[in-house]
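To keep things clear, I will list the structure first and then write my remarks on it.
Going in written order, the chains are labelled A, B, C and D, and every chain counts its residues from 1.
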Amino acid sequence: MGRYVVKRLLQAIPVLLVIATLTFFMVRLAPGGPFDEEKKVPKEIKERIEKHYGLDQPLWKQYLSYMGNLVQGDLGPSFKYAGWTVAELIGSSAPVSLMLGLLAMLIALSIGLPAGLIAALYKNSPVDYFAMSGAMIGICLPTFVMGPLLILGFSSGMGWFAPLGWYTWSDMVLPSLTLGLYYAAYVARLTRGGMLEVLSQDFIRTARAKGASERRVMLKHALKGGLLPVVAFIGPAFAGIISGSFIIETIFFIPGLGRFFVTSALNRDYTMVLGTVLFYALLIIVMNIIVDLVQAWLNPRTRLE
Amino acid sequence: MKPLCCTLSLLFLAACSRPPTNVEAGLETQVLHFGNGAEPKSIDPHVGTSVGANNIISALLEGLMAEDPRTLDPVPGVAERMPEVSTDGRVYTFTIRKSAKWSNGDPVKPSDFEFSWHRMLNPELGARYAEFLYDIKNARRYNLGRKCDGGLWLFNTRKVQTAAHAAEWAKLSEPERNATFASLKPPEDSGAKPTCPFCKKNLEVPAWDDWKLADVGVRAHDANRTLVVTLENPNPLFLEKLNHYSYFPVHPPTIDRFNAHIRKDTKWTHNAGDYVGNGPFMLRNWAINARLETERNPHYWDRANVKLNGVYFYPIDKKDTEERAARAGFLHSTQSLPAHRLDFLTRKWPTHYKAEPYLGVYFYRFNVTEPPMDDARVRRAFSISVDREQLVKYVLRGGQEPAYGLSPGMGKFEAKARYKFDPAEAKRLLEEYIAEKGDAGRKLLENVELKYNTSEDHLKIAEAIQSMWKENLGVEVALLNEEWKVFMSTVEELDYQISRMGWIGDFRDPITFLDLWVTGGGNNNTGWSSAKYDDLIARARREPDLAKRFTIYNQCEDILAAEMPVLTIYFYRKHYLLHPTVKGWHPTVLDHHPLKHVYLKATD
Amino acid sequence: MTAADQTPGASLWRDAWRRLSRNRLAVASGVAFILVTLLCVVGPFVTSYTANHADLKSSYQPPSTNHWFGTDHLGRDLFVRTLSGGRISLAVGILATAVSLVIGVAWGSIAGYFGGRLDSVMMRFVDILYSLPFVIMVILLMVWFERNFLLLFAAIGLVEWLTMARIVRGQVVSLKNTEFVEAARALGYSRLRIIFRHLLPNVIGPVIIYATLTVPAVMLLEAVLSFLGLGVQAPMSSWGLLINEGAEKIDVYPWLLAFPAVFFSLTLFSLNFIGDGLRDALDPKSSKD
Amino acid sequence: MPLLEVDNLKTWFHTRDGVVRAVDGISFTLEKGQILGIVGESGSGKSVTVHSLMGLVPSPPGRLESGTAQFDGSDLLQSAQRELRTLRGKRIAMIFQDPMTSLNPYLRISEQLIEPLVIHEDASREAAMPRAIEMLEKVGIHDAAERVHSYPHEFSGGMRQRVMIAMALITNPEILIADEPTTALDVTVQAQILRLLKELQTDLGVSVIFITHDLGVVAEIADNIAVMFRGKIVEQGSVLSIFENPKHPYTKGLLACRPRLDSTFTILPTVADYLEIIETGDGETELLEKEPDLVQPEPEKKVVGENEESLLEVRDLSVHFPVHKSLWRGASESVKAVDGISFKIYKGHTLGLVGESGCGKTTTGRAILKLVEPTAGEIRFDRDYLQHLPPEAMLPYRKRMQIIFQDPYASLNARLTLEQTITEPMHVHGLAHSHAERRDRAVALLEEVGLEAAFLRRYPHEFSGGQRQRLCVARALALEPEFIVCDEAVSAMDVSVQAQVLNLLKELQSRRGLTYIFISHDLSVVKFMADTMAVMRAGKIVEHGESEAIYANPRDEYTQQLIEAIPRDSVESIRQRVG
């Protein structure tokens, strides 16, 4: 199994290099450079700043030097945050986003899974419609509406939580709830679909013929197969949370990674853009490998060649 | 079903054990929680550029002069007493306090200031705010100059001060001198070094120690703790400038240890132990994008009068989030407020809501090189057809003052209104223009574009003015929003007809507003130039007498009012929330609130 | 078989329509969606106010008899702005989905049918596109299409087609070695004719289902872009923009958020349920019960 | 006292398109220690009957209208789900048709095996395991101890069916219901399973209800038989009486239309020759007896002229599929589906390709038509060599060679009308000038295969399996081919429909002079159709020659084994067995 993971990671390297190359040149297409600021400075000074970061070199030379460092794992300095390297910034913010992602995914599963199971058990009954439309709320309210609503309700309203920050345990509740509700909807729909798919298989009929109760049929026989689509969704979704939680981070002032995905682009912080993109790409690849492993464990038929 | 119940119970538990808010705790801990706006790029005084950086640096370091918390007038800081000034107002002699100490116990010596100002001016560091030090003699030449064996070529002012080549230089005529300078600049992509036209040697950027003893007008005499500063021109407001953090000292041994003389990306400012400062507070911890904590500096000379135990700076860039935090008692003060909440806050939170005059002006630039804006009548028509009173009353709703001139009132200089809202006159001017230009003119007026950078506030103002132009001039101006960096490059390349701009003064000296429009000025970007205006600005810089300076400033304002390269709209007003328990915090036009005077006391 | 008559056969589409029309929830959603669309198209003509007419004196007015949905910060009538905003949001959603449909189906079917190395190269390209920085792409698109926002959202469609391509490819691969495709090859059909005659008609089902789910996804994306200030530009408005402006002023001027949010959520609700209904109707397996 | 007595059982399905009377009032009894065979074609309601007894009919559409099922003093049909559950898997066990999908792919065999013990006897895993292993050995799986922990997909079809049987009998139930247990298996494996079931039945004394559509299987195993047709039992009795003198016309038709090794029919009789079905009023049907006039034309002896050229000759044909094909290393090892076979077919003849699943017969058929790239060997069709032709060059041969597939549901594009399906190939080859002319040809083809012209505008899903296969034949004939590969063309059909299609194929051969390769795993069907025959095993031809000669005395040991495995359904063999 270890060999399989190593093989998949090796396969990922060319993909990462291509992504790095594409992004490297794409970022430079956007007008405006990392050091343009509202207060203009004499040309010579700006030239010196760019010289310091090697931006005065011809583009292909910059590309070669960047790739040279990248291969040795050096993501270069951040242009915007003087003195900080890209690795440090990602290193300090990634754990926060991972925690947020984990909590959100925990909430999504603990709401989505039961809702999906119940909806599948009582198919096309009022319970089914109630569970599904309830889950739908998560999808229809964008996060930047759900966030302020939850703050209005639980923070300024009931005063239970601080409206922002990421310093104490109670600060983590509202942001992960906002994110969690959105993903709970998808988990619920996928669980329902997955379970119905498995329940229509022949071996369910065999299980019933053996005298198994409905509960046993659902949990012992149907659950394992039914969860396959959910597992397939959780992997990439988790990576999506890490990189996509810019909105949550601005509304709740959380020092996460999502912020860098957007601000690095707006600041034309080339190395930061590349750093975040490569981090995201690596995360997606790792998550896909994990998903494949879990699916192989769940479904013995899929061999890991 | 089990996972669902345990999540809910977890939520409930976390909720009811709510700790006291920062403001409630502040009364005992005497720790101020300060909303500081966007995360500063750096807190190295010679590198940082944003307002956020200024707030932090002013807490960690202190310049020769400090400012009175109420009137912002200069008062002695690290200097023991007010400096002796020479009769011609060009030489200032400061004496450093014996008790002034760095946060690691080292005494503050005059040579620290000399070291710091040299670092600031060093061309290799490329500090953005080096121009603030150009008041000092030869500072500008040193900062922008290049040198060859024969002497120094000064790029920007097309002059050369060099003994060796003076003779050849004198022989050249004006066009020849310009050609020489043109040849000095290497072709863009060649990367080759410029060569001296006379001795054909490569022109080098003066290295760090080449110029230490050069003729930059600052001399330190550690023995008797004095610092002699010689100015380029006498400047009555120079003492006020000394309170800008570009003049603050850095701790030379730390700079040596981190080899940060000419490098901006060193780490000396990141950790508590390394950041050695001489201000009332010292760095305790910096979690980027989360919180910068400072604590009382035990070695500060005036530590007795410092009441706060620490200040926590929060880099919250979204205004709504910051405002919510203040109302929830998470922050003592915010950096700004979202415009749409001003009404609500004036009604519901009067004790917290602050709206104070702020040294800034909001204006639109005209691109005078492109018709129809090349015609002064059209510019004037566009300007006087904007009803600034209604805009301020209904759109901004923040008590801002309409701007009928460029510089806001500051210190002893008061702004005089030079034009007023006159839609009839505006219509007449436009008709006169169309009559003269005929169909071409009308066609030009049909596709006028106003470009601004993405923000809800700029959009609101632009939409309001757009509808005023439609009503008063019958001209439908298109609004085009551009992402920040794209906007800056379009403005720089004059790829616009009208574009938005705001400018906040760094000193209470109208020159910071007026010198923007000199020919070829870095921030001019209107294509407008007037020799008379340039000459006035140059004379103002050299004028020692304050009153005479102000008359020159008014003449400049008159030229601007006549030619109208810019459409001034309103003077800024600082809106923010301040918790009533914050004492010793006074409204100032530069929004400076020296934190050493601030303290927290329950309102009885 | 009963005596055969000349009437045309009950095609799968008619069966699907019959099954769909029995699904009460899907029908209700369909009606709601059409109602909202009609209201957006017709609505603005009903009142005298125009979307961009600013009346500074009456800014931030609550819903009243003359302003049914109240006014915004410039005193513009929110009823008209919500409906004209709706037009843009719907247009954006449908346009981007159309673009993603065309490219996704073409890309997926070619990759799926030809298989082998071509297939793995094409799908590897899709994987790479998935992880490119989306914000940078939007900025570039905004710079290149700065004038016309419709082109901008057609370009957004260029990003949305990735999942569609994957779905179509999966379907085509599974259909490729069914017997009726082999029969077609035996009958001498050319590859293109096989793709368009046999493969695509049988892939339409899942494609439609996914399309109905892409429209709301793109509308949500437009709203997020407005949050970043990169989406629809003034003076045009869209639900995303209106919700954005309203979201922060909930406690002060709640109606600014309420009306656009209701329309937005209603549309997303109905589209998602239509999508579900179509899935049950078109997917032969699930119609067995 | 019979073990199980079912009286007037009615189970109807209330679907959106009206009421389907799946089981319409049937009564039968099951004696202790007896095997009751329930025979009927698909849609006759045999499965629904046993599902109703076990309470497995999905309730929203299906509903028990009436009837009682006395078992050990209590009526199964009225007992609540909870009571029924204590019976299911404990006293009444069940095994199903398709071994591939009836076992849970996600759980190990061991867990599924011990489940009945865990549910009904509350046994712990450790206690139940030895009994599971013992049961596995009993059903003939050697080295059961190791294999018990593997997953279903690691077992062959036959092995899995054995596991199903072990799972059902582990709680030694009183009744075992077997719903078409051998239908999906190869004939040799089917024989082993039947023998196993027989032994276990006598050994454990369990009574069995055996459901199948194959009369041969029933003849081999059942004591009594009940024949079902459209939800009713048309005839019931001991196996000998039913086979010796069937009374009901449907039973007679059913017995007659099955091709058997010893039958000498040139045109198979069909159920329609014995039975006339009249639709009366509200869905009721009237069954009338018809006197079959089985006129049998002389079987014309096909003879090969001295120097007659063979239409198709294949020499050393092999097709290898690479396994673990990866980007860098190329194919490492490959599966040899077809491994060097040669044969000839003369114009107007039929070559039978026989063999069990996986022997390469289907791949051979596909390779000849270049639907699969042959790896080596020659294919000569009427003097032209096809093996190296690029796809475009195959176009003219596409007109002359056609194929008919096994699954009528998958071989027709559901989105096209019949007209489009049949006329488009003509359009591709430019056979007719105008659409009208193509339409007329289509009408003629439909009538030729026994379908009405009015069906042109209809869609495939509106037709039965038999009708769809006729459509496939019509489509194949659209290009007026000379040679058709019939790949298991009738395997998916009921016996009565099978007979009609076989007769149609034979009729078309004599009328149009077609040449067939008839691929099948059913030796009796091949005997009826083929002039010459080739038996294939693991990609090679083990025996080849005149079909009569091969059936008379098969030389190859594997062919003997195949023929031996065909269920004996002659009256003598039954009398011998039942005695």
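As a convention for this text, a residue touches a chain if its C-beta (ideal position, glycine included) is under 8 Å from a C-beta of that chain, and two chains touch if they have at least 3 such contacts.
Just so it is clear, the model here is predicted, and its values are computed rather than measured.
Chain centres defined as mean CA positions place A nearest to the mean of all protein CA atoms. Inter-chain contacts peak for the pair A-B.
A straight line joining the Cα centres of subunit A and subunit C is 23 Å long.
Separation between the centroids of subunit B and subunit C, computed from CA atoms only, is 47 Å. Here the spacing of subunit A and subunit D, counted between their Cα centres, is 50 Å.
With each centre defined as the average position of its C-alpha atoms, the distance from subunit A to subunit B rounds to 39 Å.
Among all residues of subunit C, those that touch two or more other chains are 139, 143, 248, 289.
Within subunit A, the positions touching two or more other chains are listed as 30-31, 156, 266. Residue numbers of subunit D whose C-beta contacts span two or more other chains: none are found. The touching residues of subunit D, counted against subunit C in their complex, run 16, 58, 60-61, 327, 366, 369, 371, 394-395, 398-399, 401-403, 405-407, 410-417, 424-425, 428-429, 452, 454-455, 457-459, 461-463, 467, 472, 475, 479.
Note for the complex: subunit C touches subunit A at residues 25, 124, 127-128, 130-133, 135-137, 139-140, 143, 216, 220, 223-224, 227-228, 240, 243-244, 247-248, 250-251, 257, 261, 264-265, 268-269, 272-273, 276, 285-286, 288-289.
Against subunit B, the residues of subunit C that register as touching in their complex are 52-54, 56-57, 59-60, 73-75, 139, 142-143, 146, 229-230, 233-235, 245, 248-249, 252-253.
Subunit A meets subunit B in the complex at residues 30-33, 36-42, 44-46, 48-49, 52, 56, 58, 77, 80-84, 89, 92-93, 106-107, 109-111, 113-114, 151, 154-156, 158-170, 173, 177, 250-253, 255, 259, 266-268. The touching residues of subunit D, counted against subunit A in their complex, run 54, 56, 85-90, 93-94, 96, 98, 101-107, 115-116, 119-120, 151, 153, 164, 167, 324.
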